[in-house]
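You will see chain A twice below: alongside chain B first, and alongside chain C after that.
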Partner chain A sequence: MRIAAQLRKVSSQWRALLGAGLLVLAAAGAAAQNPPLYTKWVNYTQANGFPAGEVFCVTVDGSRVWAGTEHGLVLLEDGRVKKIFTTADGMVSNAVMSVAVDKQTGDVWIATFGGASVYSAGQFRNYTSLSSGLANDLVYGVAVQGKYVWLATTAGASRLNTYNGSWSIFNETNAPFQEPWAYSIAVSAKKVYIAAWGGGVVVYDIAGQYWRPYTDPDGEMEIVLYRNQGLIHNIVSSVSYNPDTKMFWASTYFGLSGYDGRNWHNYLTKDSGLISNFINGVQSRGNEVWACTQGGLSELDYKTNTWVTYRPDRKTGRGEVLITYPDGKKSRMETPTSLAHNYILNMDFQGKDIWVATAQGLSHGIRQP
Partner chain B sequence: MAKSFPRIFAKPLAVAVLLCAMVGSVAVTCAQNRKNSPQPYASIATNGVSYAGPGREAAYDLSGPVIHIGLLAPLHGPQKAEGEAMVAAAQMALHDMAQKTLPGGRRVALVVGDESGPSWGHISDVLLHLVFVEQSVAVVTSTSGDAAHISEQVGNRIGVPILTLSSDATTTQVDVPWIFRMGPSDALAAQTIAQEMYRNRGFKQVLLITERDHDGRVGGAALQQAARGLGAPAPDALVLDSLQPDFGPLLARMQAQSPQAIVLWTQPETAGRLMQAIWKTEVRAPIYLSPKAAQAGSGLDFPAPDALGKKGSGSAGVWTVVSGEKIAGVQNGFARRYRQATGTSPSPAAAETYDAMCLIVRALRTTGANRARVRDQIARVKDFPGDSGTISFDDEGNNPTSIHLVRLERRTSPVAIFEAVK
Partner chain C sequence: MNTQSTAVARLCILAGVLAGSAWPQSALSQTTAPSQATGKTAGQPAAAAPYANMPQQAVPYRRFRKPYQEWYVAPSTLAYDGGARSVPDGDLAHLQAVNIGFLGPLDKDNYDSQYGIPMLHGAQLAVEEANARGGDRGKPFALLVHDDLPLWGASSMAIVDMYFNQHVWAMLGSVDSASTHIELRATLKLELPIMDTATNDPTVTETRIPWLMHDFPDDRQQGYALADYIFNQRKLKKIGLLQVNNRYGREGDRIFFDTARRMRRQPEVVLKFTPSDTDFSSQLHTLNASGIDGLVIWGDARQAGMILKQMRAMGMRQPVFGSSRIAYPEVMKIAGPAAEGLVVVTPLDPTRTDPQWQQFRQRYQARFHTGPDAYAAYAFDGMNVLLAAIQKAGLNRGRIMDALRDYEMKPYRGVSGTAFFDYALNDIAPITFAQIQNGQFVYWPEHRTDWKSKPMGFAR
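This part shows the complex of A and B:
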């Protein structure tokens, strides 16, 4: 039995080596054109002690990684699950939708389906609509901007001044939201970007203290009239600000939109390497734009207009890398390991690596050297 | 159904009927209106809506001997009658469907969450209770667009099928695969009403009254768009503040303008109060109610036909839209049994709730207690002979039912559009 097990192990190692070799050969053929690829994935699932089900969000804080699940907030340090925080530890709810770290204080702000929590000095403080100025207990997003903590809730955006504890609420009555439902928040040094249902992306200018909405100009929910007409859809699931390019990106359930301050850049599956128009989240840095879709994780190199999509091959369990070049040509590669699931909800960067929240576990993507 | 339809005319009108007359289906001319529009770059409808996530595996099956179906309904306040109608219809559906057991001898139970409350927080808290604590396999929501949207987003994150009675068209224009609308959308209702007013009756001056809430905004926009689509003059739009019940200025303006038709896209309770106020004035224009405004709970007490002038002349009367290719409510004797059980005739919300519950239980029998598989099963529903009409869901979760204008007349009980035909 032991010999047979050894043989299986050796055979498995050879298969992995062969797969990696195939990948390298394939990659070498197109090395001149290929963007950097993520070829190794380490997954955290129920099989190795991670909570079951969906991972709604992931946030990197140096060597620490915070992952929000339906069953609690997971803290990983140096690639290991260190602790799973739940209501038993004092958190307001186990269903964690978003996490933001205050770089100045180290406080961890947590958006949940039961209110907001802050993990500070080893303890949780909780905020609900009954106990604070939080607009609603359904909190989808959180971001820290200086002394302010911004929270996207289903009844508007709430802003907490952490210096004096005062709250402000922004919704359709005092900002151009159209409806109160807010789903995501991103911040830059000067602005706050809110993904709003019906209101598109609503941007708050911090210095000027005024709001500006960016909406779908065709006025139709079910169509995109012209390709780069403006925001692609008024229902925005997520928003991200790229400090390198000064662009903001908006994900919708009907495609991806980016705004560079002058022009809009829209992407649909029909005209790009985007794997699905149903996009749960977006992140961007440098020339990279990452779309977390229900069909896989799609990366756009904005400079070269090259797309790479990562997803598991359901039949083989191996990873699939789909590259769409600027001229529309496509290539496919396989990797020995893959994302935990094709349904992607969120991601974050850790140096060159990425962490990906999927519907069946957390994935750590390691970039090809 | 087809055979029973003419019997309504054989019935003495005095006994009959809360529902008086039914005009023919009004063809929807949306497609015609877009003929001259540029071809859109992309369309959700052509892409279709699908769910590519997990959840269908046995590991996601809900456990326990009792499977819960959530019902989010208003049980207090102005919409209380609608909520009670929903609960009664849901219980009746479970009673009817319980004659056949589910696999493994499991039972189905209704869990009701009261959506009526002073704040948004209340609805979301109740919904989370239905989803997380009660582990509802699916949730049926009321005609409230607010409740539908909150449920839709939670359903999308957690993976819970939502069957909504809300007519808010935007719920299914988001590409979210977890929501299904039981009845006609505001867009379809608006197109039907606009077609009748502008094309069939040739009206030029229409007064649109909406409420300052989500449903009012969305419904009002749908009517404005429908008018534009027909090339008709834009309706004169007035927005009511629910907190200011004084209709005096509104009525004065109405009398000065003498509109040829009035459209109410409001809460049913507001519609009822407003109509009572209008009928005390000299204004005798026909009134068109949105699907929501015509629901139970409006407290409508229609005046006798002779008080409104010549009956059927088109100069007056109250009209609304209902779905179904024929008068609904006669399947399985639902309307009769509902009336026996509750003492009132079923509203559209009651009929749609009954159908929604039947669809969920039917899906449970086929797929077992699994939210994703129940979703898939409901998405496949085609030509289901429901009590609110024949139900099919398209790729976006709409029930693209045919729609009719019906004229409502005097009644003393809450709105009862769906009258059984014996």
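This part shows the complex of A and C:
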């Protein structure tokens, strides 16, 4: 009776969601504006032919989806696993950390724990520190920016000019890397953003050919002095550029940071709807900022300051949706399906849908109309 | 101060009793813990005490404001919600051995091999003794050794090889802080427990990655101890700082410098030297001209010996203090009488007379025909912690990590002394001082002026 009474109060959108199988268990903030929600999840796990273990990354390429695991690179087409590429196919290593697709050529660039590979015209070409200008064979990130391929390695960032095959290496000797350990790369039309473990975010201006570091201004590992002091911590796990808002976002194991070119916007669990401060990855588009945390997938609607977190309910196995409204009120809902696991490593967008790399499988999130 | 008094006074800093805790070492029945543990045990709210036994005088921005957020002081510091625990266990019946990885500098052309080889020997002895006791449910532990090359990043693939090809269940290493950070970044993806027993870099446990445990006194502990001793106990005011220009020197003296600055004793002058330098006259003239009343050297024993010899020959009589890598007899061999009075921090008091240390010395001497140093002792302890965690948890890396996390805010009594692990799984137990007197090191326990004395009952 109580649930039914609550349901009568919700908006038509909520009714539509209910029709899709969404159960509203608590709706403290139901009168507030609700963001679009992902209420249907399709999971790819060992049970349906997907490799076991962690999915380190996912990259959408039109209707194709690439997922990196420690057992190879998985290609999904039309919702099915089409092929799992491994060293037997010529790839340099099975442990795939990051994938980027060159939109101009269709080449697929792959960062692995054994070097880098490019899948082109049905064949793999491999790059290692011994055979190329790759700074190190532990490659965590890859991004394509025009004719350049940027690779984040454990000994700095490497850049390959795909037109002439020349390499450049950027590390603490020729760029303002406080530490050279690159972890993730994002690109825009004008800049390259490198997440440097222990070194903050290091940004390369393509036209000016200069670097600018963004580091934790309090200079101390053990504190955040002010909430919006600047980058929240120097150990940055991922960086994402949003072309719509022209902001870049940095995920750390100490919260989330965004920079709009003038001000920093930092978020911790204690002051927002962020589900965990330990964030493995970040993606952003439009007003959406997605934090891949170890406690679930948190989405910030930057315009409304509304947070939504998706995670499995460990007791019921159903999906859990936690909404934190701008006034701090919270609501919780359940969905019949859920993310494959709460430990989120990476995600990407496919139209309105999302693909999520988790500790135990790949999840396809389908947004309700 | 002699060793007997050391045993009584060694850990007198401790502010709270961890009554009721489930000790990883059952032998420890009544003890107290470093101040961060005040009134708290794992699972309870964060302690109010500063992180890592930080002196109140060294708290950043303490005169300015309270930080918006403080890290590493809550039980959730290393919280892990990943999937490693649900990975199917390894099948012991189908294994010939339980593989453990080792990464350390071993090539004798590598200067750091003076630390890496004893570290390997300590780890080997622990494995051999565990195997003599039956190994892991009848299967032996096997130590798979990788040389940590001095070339930057060259060892980065070692952990990949250990994980994918050698199927190790955990690893121990390394000395170099950069190599250790590289291990750490890789293990966040691969989820492999790491025991680090030798790096001085405090930031390896400041990443919130739950897969690493660190049992060696780091540069935070060394820097805090030296600053308190020099400024509060020796009452010196104008200090010069001479550091080797490598990662050890650059990272190492940062805590000391910041602590001195916050104690309003910012070093008058900070100078560097390269690892290959043998002539320090330029730096010493500058230091002398600046009117310092004490000198801190952050480097190794060889170059510290040369610096001492040259500065005394120049007539400089200022007291000299040094980091833990100077606490080796080599400093006396090179400097001779010029080393007299040198005070260093050190991770180990080798003159301890307690049976655990003495028996370890004998076993180590019999096995390797040389005496153990700090790197051997800490590796022996670290490997024993690791092996016990595997025996307790079984062949599941997630549960092995959980077993290591059981040490949070608890002590471990080993041959190196008594470690105490904070919420970041870093050993923050007090360290040891040594002074060269009449051609030999004389040891005494750290006793900071901001610590209230309470008996601990055992000592490092």
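As a convention for this text, the second predicted complex is superposed on the first by the 339 of 369 C-alpha atoms of A that agree within 3 Å, B and C clash if a C-alpha of one lies under 4 Å from a C-alpha of the other, contacts with A are read in each partner's own complex, and residues count from 1 in each chain.
Definition applied: contacts are C-beta pairs under 8 Å (C-beta built on N, C-alpha and C of every residue); 3 or more make two chains touch, one makes a residue touch a chain.
The model shown is predicted, which means the values in this text are computed figures rather than measured ones.
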Query = Should the pairing of chain B and chain C on chain A count as a clash or a fit in the superposition?
reply = clash
Message = Quick check for you: in the superposed arrangement, does A:N34 touch first (chain B), second (chain C), both or neither?
response = neither
Ask   = Which partner does A:L130 contact after superposing on A: first (chain B), second (chain C), both, neither?
value = first
Task = Based on the superposed arrangement, let me know which partner A:E70 touches: chain B (first), chain C (second), both, or neither?
result = both
Inquiry  = Shared contact residues on chain A, chain B side and chain C side combined as an intersection?
reply    = 54, 56, 70, 95, 97, 113-114, 129, 135-138, 140, 154-155, 179, 181, 183, 197-198, 218, 220-227, 229, 235, 253-255, 268, 270, 276, 278, 294-295, 341-343, 359-360
Query = chain C touches which residues of chain A in the complex?
reply = 53-54, 56, 70, 93-95, 97, 113-114, 129, 135-138, 140, 154-155, 179, 181, 183, 197-198, 218-227, 229, 235, 253-255, 268, 270, 276, 278, 294-295, 341-343, 358-360
Remark   = Listed in rising order, the residues of chain A that touch chain B in the complex are 52, 54, 56, 70, 95, 97, 113-114, 129-130, 135-138, 140, 154-155, 179-181, 183, 197-198, 218, 220-227, 229, 235, 253-255, 268, 270, 276-278, 294-295, 341-343, 359-360
Remark   = In their shared complex, chain A is touched by residues of chain B numbered 38, 40-45, 47, 51-55, 59, 119-121, 124-125, 128, 132, 149-150, 153-154, 157-159, 169-170, 173-176, 214, 396
Query = In their shared complex, at which residues does chain C touch chain A?
reply = 51-52, 60-61, 65, 67-73, 79-84, 86-87, 152-153, 156-157, 160, 164, 181-182, 185-186, 189-191, 203, 206-209
